[in-house]
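Below you'll find a set of structures to go through.
Same chain, two partners: subunit A is paired with subunit B first, then with subunit C.
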Partner chain A sequence: GHVSCGLLSGLGHCWFALAGKRRGLAALKKKNGGKFPTHAKKVAPVAAATKAPRMYPADDVAKPLAVNIVRKPAKLRSSITPGTVLILLAGRFKGKRCICLGQLPSGLLLVTGPFKLNGVPVRRVSQAYVIATCTKVNMPSVDITKFSDSYFKAAESKRVKKGEKEFFDEPKEKKALPAEYIANQKALDAAILPALSAELKGYLSSRFTLRDGDRPHLMKF
Partner chain B sequence: LDQVVKMPFKRYVEIGRLALVNYGEDYGKLVVISDIVDQTRALVDAPDMTRKIESFRRLTITDLKVDIPRLASKKVLTAKLAEADTFNKFAKSSWGRKLARQEAKSNMSDFDRFKATAAKVKKARSVRKVFNQLKKAAAKK
Partner chain C sequence: MSGERVRLFVKAQVLGYKRSKANQYCHTSLLKIDGVNTTKEADFYLGKRIAYIYKAKTQKKGSYFRAIWGRVTRAHGNVGTVRAKFLKNLPPSAMGGSVRVFMYPSRV
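Right after this comes the complex of A and B.
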């Protein structure tokens, strides 16, 4: 019940009304049976007895700060999704239109021609070197787990120091692509090609070029 | 005057005249002249915008006109426009169709552009084929 607070008008609120909300030290003691609530003292674990090290470094070497970087793959443009037709802008396949399969953990995009249509194999490409068109292919669910970043890493070749003799020698034979890679490409294309219409196949077979009168800053891709 | 003076002008600025905004935020909008402010400005209105003052410099007047009173209310304006089907009349006119064609072209995607070129090439090939056949036949005679 609320009691008239004429005598306690100096206080902001009625003392009785705030009985349940008292937070002063006296209230704490009262809630804990006359004593302040305490935590049990933390006992430090006894460190195992270690021998003093034999050597101390001569100079105090600054310890580098701990690096706790979590590397995330590059943020993908919202216009790029699996099945988007991309125009490659640089490299061997510049101008070619290819299909995006997804983003790899390294941040690069996984892309395929399909090889049969335009010669672009299963490949990694950076999204910075790509124009995403608004054309999307209705992709059948393709298993792209085998195309990881390590799949594309070139085999580590031992760099032989070129002596004068080697410099004038014939260049080594180009290494043929292992049959496994060719088979993977064929399997991937066989899965994707049926989903493409004849028009789309013609589209992917052609290259993007700029001609007289084209205004790329006004074009909608 | 008994005789009607033959004016070279056919489109007049008047209450109810439809105009196209050719500059500014409302670029491309079809508006109706609701009232004249002075020599250079008019009060323009359209069913989906707040009535505003626009300079005549920013307006291109069209052939179309609706019969509305000066400062017609939005309700009256919308009703009269719907009754005369003015916006559709403009869209069907060659001016309206040209604007629609320009917009469609600017909104073409890369795939659309490819399809357009492919169609043009196909048509040109078939025409040239027939032409060459006729040419050969004429040369034989």
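Right after this comes the complex of A and C.
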């Protein structure tokens, strides 16, 4: 009498077929000489004897979970490399073509006009607000370590909370850009400008614009 | 130099709200982006930010112009129409009006 496998279909296999391969606990025991394999028992370290604290908070205060965030800079699109000409899409310099210098640890891109050509200073810009063209500049190795995120943070004047008195005062004059920034810009441009051909200089001086009939989704940038 | 004015947005027409025959869902608008005629072409514009710009009688922050911002959410149909959601639903007076589809956030 062979039991039809239909009855035992819930088991997945015909039970008889597995008779040769013992997989159960009994088989394990047999394999290891009659005993289950075990890890060596971990001995808990003896806790140093501490005195019970004298004060307890009235309510059980939940301990906030430890925050183990590792912040990485945003993944850079493969089309953006140091020396790529970028088109800025928004902001004061929209439409301007500028040169990408690299990515800062915050994830933002470091970019320069060069200032002499199109008025774009050394600036930070987000990847999302930029179109990478396929034009690349052979960048001389420029030292951009001094342009860090904190360099730009200092340029933003601290917003002083307006007290009542200050509310009625005349607005403060615009602080002139410290000479250091201007000198850094000049030095950076002096290093980059020689690497640009006259054609490229003209290109960087011009702005990108859409005209009637233009279809960005069909354009090759 | 192209001068002060640069256009970095694509014009689109507001067709109406997402709707069936007798019901409309005002939270989603339908847009016809200039020059986009197939679903494949519309792929470029997904996620792009949109501004519906209108004029108002009173000045706010020094301007009579105001904007309702939104984003392109997905294609609609086969001929390049696109669905968009705005922070505030578009007013019905916007139907037939135009809207600016910017090129950011850029994926190029």
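Quick notes on this structure:
What we mean here is this: the second predicted complex is superposed on the first by the 152 of 221 C-alpha atoms of A that agree within 3 Å, B and C clash if a C-alpha of one lies under 4 Å from a C-alpha of the other, contacts with A are read in each partner's own complex, and residues count from 1 in each chain.
Here is the rule we use: a residue touches a chain if its C-beta (ideal position, glycine included) is under 8 Å from a C-beta of that chain, and two chains touch if they have at least 3 such contacts.
All of these numbers come straight from a predicted model, not from anything done at the bench.
Contact with subunit B, but none with subunit C, is seen for A:T135 once the two complexes are overlaid on the shared chain. Once the two complexes are laid over each other on the shared chain, residue contacts for A:D60 go to neither subunit B nor subunit C. Contacts of A:E199 after superposition: subunit B is touched, whereas subunit C is not reached.
Greater residue coverage of subunit A by touch, when subunit B is weighed against subunit C, goes to C. Once the two complexes are overlaid on the shared chain, A:V85 sits against subunit B while remaining clear of subunit C.
In the superposition on chain A, A:G95 makes contact with subunit C only, not with subunit B. In the superposed pair of complexes, A:F208 makes contact with subunit B and with subunit C alike.
Of the two partner chains placed by superposition, subunit B and subunit C are both touched by A:L218. Looking at subunit A, you'll find residues 206, 208, 218, 221 touch subunit B in one structure and subunit C in the other. On subunit A, the positions that touch subunit C within their shared complex are 77, 79, 89-90, 94-95, 127-132, 205-211, 213-218, 221.
For subunit A in complex with subunit B, the touching residues are 85, 87, 97, 133-135, 199-200, 202-203, 206, 208, 218-221. Those residues of subunit C that touch subunit A in the complex are listed here as 1-2, 5-10, 34-36, 41-45, 102-108.
On subunit B, the positions that touch subunit A within their shared complex are 106-111, 113-115, 118.
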